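The structures considered in this document are given below.
Across the two complexes that follow, subunit A remains constant while its partner is subunit B and subsequently subunit C.
Moving on, here comes the complex of A and B:
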């Protein structure tokens, strides 16, 4: 149980931080496609007798680089859709090859945080540190190019390389967060909290901290509720995340008449 | 020092650019002197954005040279500030106007910014230079077009560039806001000794402040003072057919000669009766 709390906390921090940039850069579709398709890597590793998490990580990285290379910044949708379809197709083949529906695969799809073991903690912590370090290093270029690529480009930031770097960060975040909420629901943890946070503050660092805080509350309450009810953690993560997003929208609606308005145009 | 003072801040020689196999700029040459206000005039598709992007190093060129302060343009250029043509800012984006201005100082650097006193002072000074103190704390995506334009100018000048490139900053502004922005830029050019190269499809709003003009048509350019360039002979040669330059009440109309006065190629102003 202590393992579950530890790993969930790390996952919430990463999802909150990386998710902030996912929402800012309008990269929700890749953030959906990479975890969803990456289970193909886990299925393949399972057939070959390798570690499913390693397979999933490799597949997520491959998808990130593929999407970044094939798509143009801000216009990844076609490349993302193609990558998703290809990964799902490969995943279907590998699932077919493994005779039984492996519980390892099932837990990657739907999450199994309560079953996290001690020797799974270390790789997750390593990936978390890698993600945080990369985001901290690229913090300013990521912010600037999210406003407009040309602004970054004019200051010597290569938008194309930065975009691939960001997708790689997204892939690493996917690999470490999937064990908790599963590939199918990690999306909700990366989108809900940051999207809610931006309703409450206009300051980027504050929005990141708030996003992390909401993600923490989401996973902690999901674990507690899942423990009490025996329902899957992913279900509670999805619901709490959606509720926090709805609260953010409501707050925006409610507070905006009093806030500064653009020229009413 | 005195040598670089007298050298033009920007020299473009025989610049040619092709996009998808089509020559968009053909042997374009002009120069911009220190502290000068230059208007880059041309109709839609004349190549204004392409030219500015080439100067920034964001667009590869087929041939020609671009010199900044007498030296070939290097890859990363902190001598140049840039305000792009159109930016769609998400109103929900969690970024205040002052955050965007601050990124003009260090947005290309790695690592997390430290809120030092000198950084804050630079942001305040830049906001003050564009008259944006009152909306510095608003979300940048929720500002009006004219307010956003001021913030983008503050973002571009905070790193103290020697050359400021603005791509159609007046395009979405009403006459009054347009005049305000032009006046502001003229003041910044004098106070901060920064040369301004501003693209526009309409020459008249720039007449009061413009030192020189670069006129683009058919991929070629004519440059010089307004009097030297905005003449029937020069523009007719540039367009490749006869155009009339008519001056009415201090405004300039460039009119295609053959089709008659009803076909205005440059100015959408009505001729005052």
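Moving on, here comes the complex of A and C:
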């Protein structure tokens, strides 16, 4: 249980920080697709008997670079959608080859936070630090190119390189979070809290902190509720995220009638 | 490729009734998805289409929990999800991704709960696999008429919407000027998308059904700039992927000694993905040889949507 709390806290911090940029850059679809790539990696590692975290990381990175490259020619959203389903289908095959089909699929897709063991903590913490470091290093160019594309280019930010760099950060964040909340649900954690945070404040540093706070509350309450009710953690994460988004929108409506939820200071 | 396959087909392929049902259902959903998909791709709504697949995941698993057939949930909740997405504003370009994402996330949460309850409350296993990745060979033949009926309904819907839909896809400003009820068209189109997704969920599984919706259409749109041709081409590619996929899955039973056949959905998705990859070079090749017929691609340039790089390769 203590492991679950520790690892979930790290996940929430990363999801809150990275998710802020996901929302800012309107990268919701890649943020949804990359975890599914990671799913294939974990499934492959399962069959080959490798370390699942290594498989996850490798495949998430592959998905990130693949989406970046495919999206360069052709439509970004189409490339993302197709990369997504291809990875999922590959994952299904790998799991089909392994013996434990059903429980493995379920825990990879929807997470198994209560089953985290203590020797899994260290690599997850390492990935978390790497991820935070990368965000800190790229903080200004990321913010600049997300808010004002042309301004960023004028200042010498390379849009394509930055895009891929951001997708790689997303991949790292994904790799550490998939074993905990699952490939499908990390996405709600990266969308709901940051979107709500942005509705409350327009200042990026404050919004990031708020988004982390909301993500923490979401994850902690989800674990507690899931422990009490025996229902899956993922359900509570998904619902709480949606509720926080709805609250954020209601707040925007109420405090600034006429302003849209996506207004950014 | 028809006669080349003849010696590839395992004996008993045509006489097996699950295979026949699979071919009918797969073919029907492939055509519907391809037709709806062309508009989805042109309107830049791939993400919305994909979100509907996750909504129908929740629907399918919920229906299973209630003891109904998955198709009821796939289609039913898909239509509800379409309404919700419209209500919270997937039409607006800004924030559209976000609204879609939130619906998606919430429905995945529901799916997690339903699948968990499915696996604990019922003695049968395999619900997760059946809903998520499809099980086309185990569909009862009585489902086929329902699928064909829903497929026809979706096609009729697209047919009725065809002109206003095309106008609002290609030139939104012009559509507004001509008095096209944009919102209504959008809602009905999302319903058509939900129907298509529901049908392909049955074929290749709920979380993979994006492949049938987006893949053939995206490849077709790259290859031709005429809307009529792209509809035909997309349907052809979808049908080919589906039927070859069913055949390969049937054959794969004999590929390894343990006689464990690979899932149909994998073959279909892999075929679609390779069609899409091949369509880029093919389109460039065609553009080079057809250079003399300088025709502006009206359907490609003006696709609205949040695509970061809306220029298709070719």
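Here is the rule we go by: the second predicted complex is superposed on the first by the 245 of 265 C-alpha atoms of A that agree within 3 Å, B and C clash if a C-alpha of one lies under 4 Å from a C-alpha of the other, contacts with A are read in each partner's own complex, and residues count from 1 in each chain.
Please note the rule applied: a residue touches a chain if its C-beta (ideal position, glycine included) is under 8 Å from a C-beta of that chain, and two chains touch if they have at least 3 such contacts.
Treat the numbers as computed from the prediction; the structure is a model and nothing was measured.
Under the clash rule set out above, the superposition-derived model of subunit A with subunit B and subunit C shows the two partners fitting side by side. In the superposition on chain A, A:44 makes contact with neither subunit B nor subunit C. Once the two complexes are overlaid on the shared chain, A:110 sits against subunit C while remaining clear of subunit B. Contact with subunit C, but none with subunit B, is seen for A:245 once the two complexes are overlaid on the shared chain. The partner that reaches more residues of subunit A, of the two candidates subunit B and subunit C, is C. Legend: residue contacts after superposition of the two complexes on their common chain; A:137 is shown touching subunit B, with no touch to subunit C. Of the two partner chains, subunit C is the only one touched by A:187; subunit B is not. Shared-chain residue A:201: touches subunit B; no touch with subunit C. Angle at subunit A between subunit B and subunit C, computed from CA centres in the superposed arrangement: 90 degrees, to the nearest 10. After superposing the two complexes on their shared chain, the closest approach between C-alpha atoms of subunit B and subunit C is 6 Å. Comparing which residues of subunit A touch subunit B with which touch subunit C, the overlap comprises 26, 260-262.
Residues of subunit A touching subunit B in their complex: 24, 26, 136-141, 143-144, 146-148, 150-157, 197-199, 201-204, 206-207, 252, 260-263, 265.
Of all residues in subunit B, only 56, 58, 75-78, 80, 82, 84, 87, 89-96, 99-100, 103, 106-113, 135, 137-140, 142-145, 147, 155 touch subunit A in the complex they form. Subunit A makes touch with subunit C in their complex at residues 23, 26-29, 31-32, 36, 71-78, 80-82, 84-86, 88-90, 92-93, 96-97, 101-102, 105-106, 109-110, 163, 182, 184-185, 187-188, 191-192, 195, 231-232, 234-239, 241-242, 245-246, 249, 260-262. In the complex of the two chains, the subunit C residues touching subunit A come out as 41, 44, 46-47, 49-50, 54, 88, 92, 94-95, 97-98, 100-113, 115-116, 119, 125-126, 128-129, 132-133, 205, 207-208, 210-211, 214-215, 218, 222, 260, 262-263, 265-266, 269-270, 272-273, 276, 280, 303, 305-310, 312-313.
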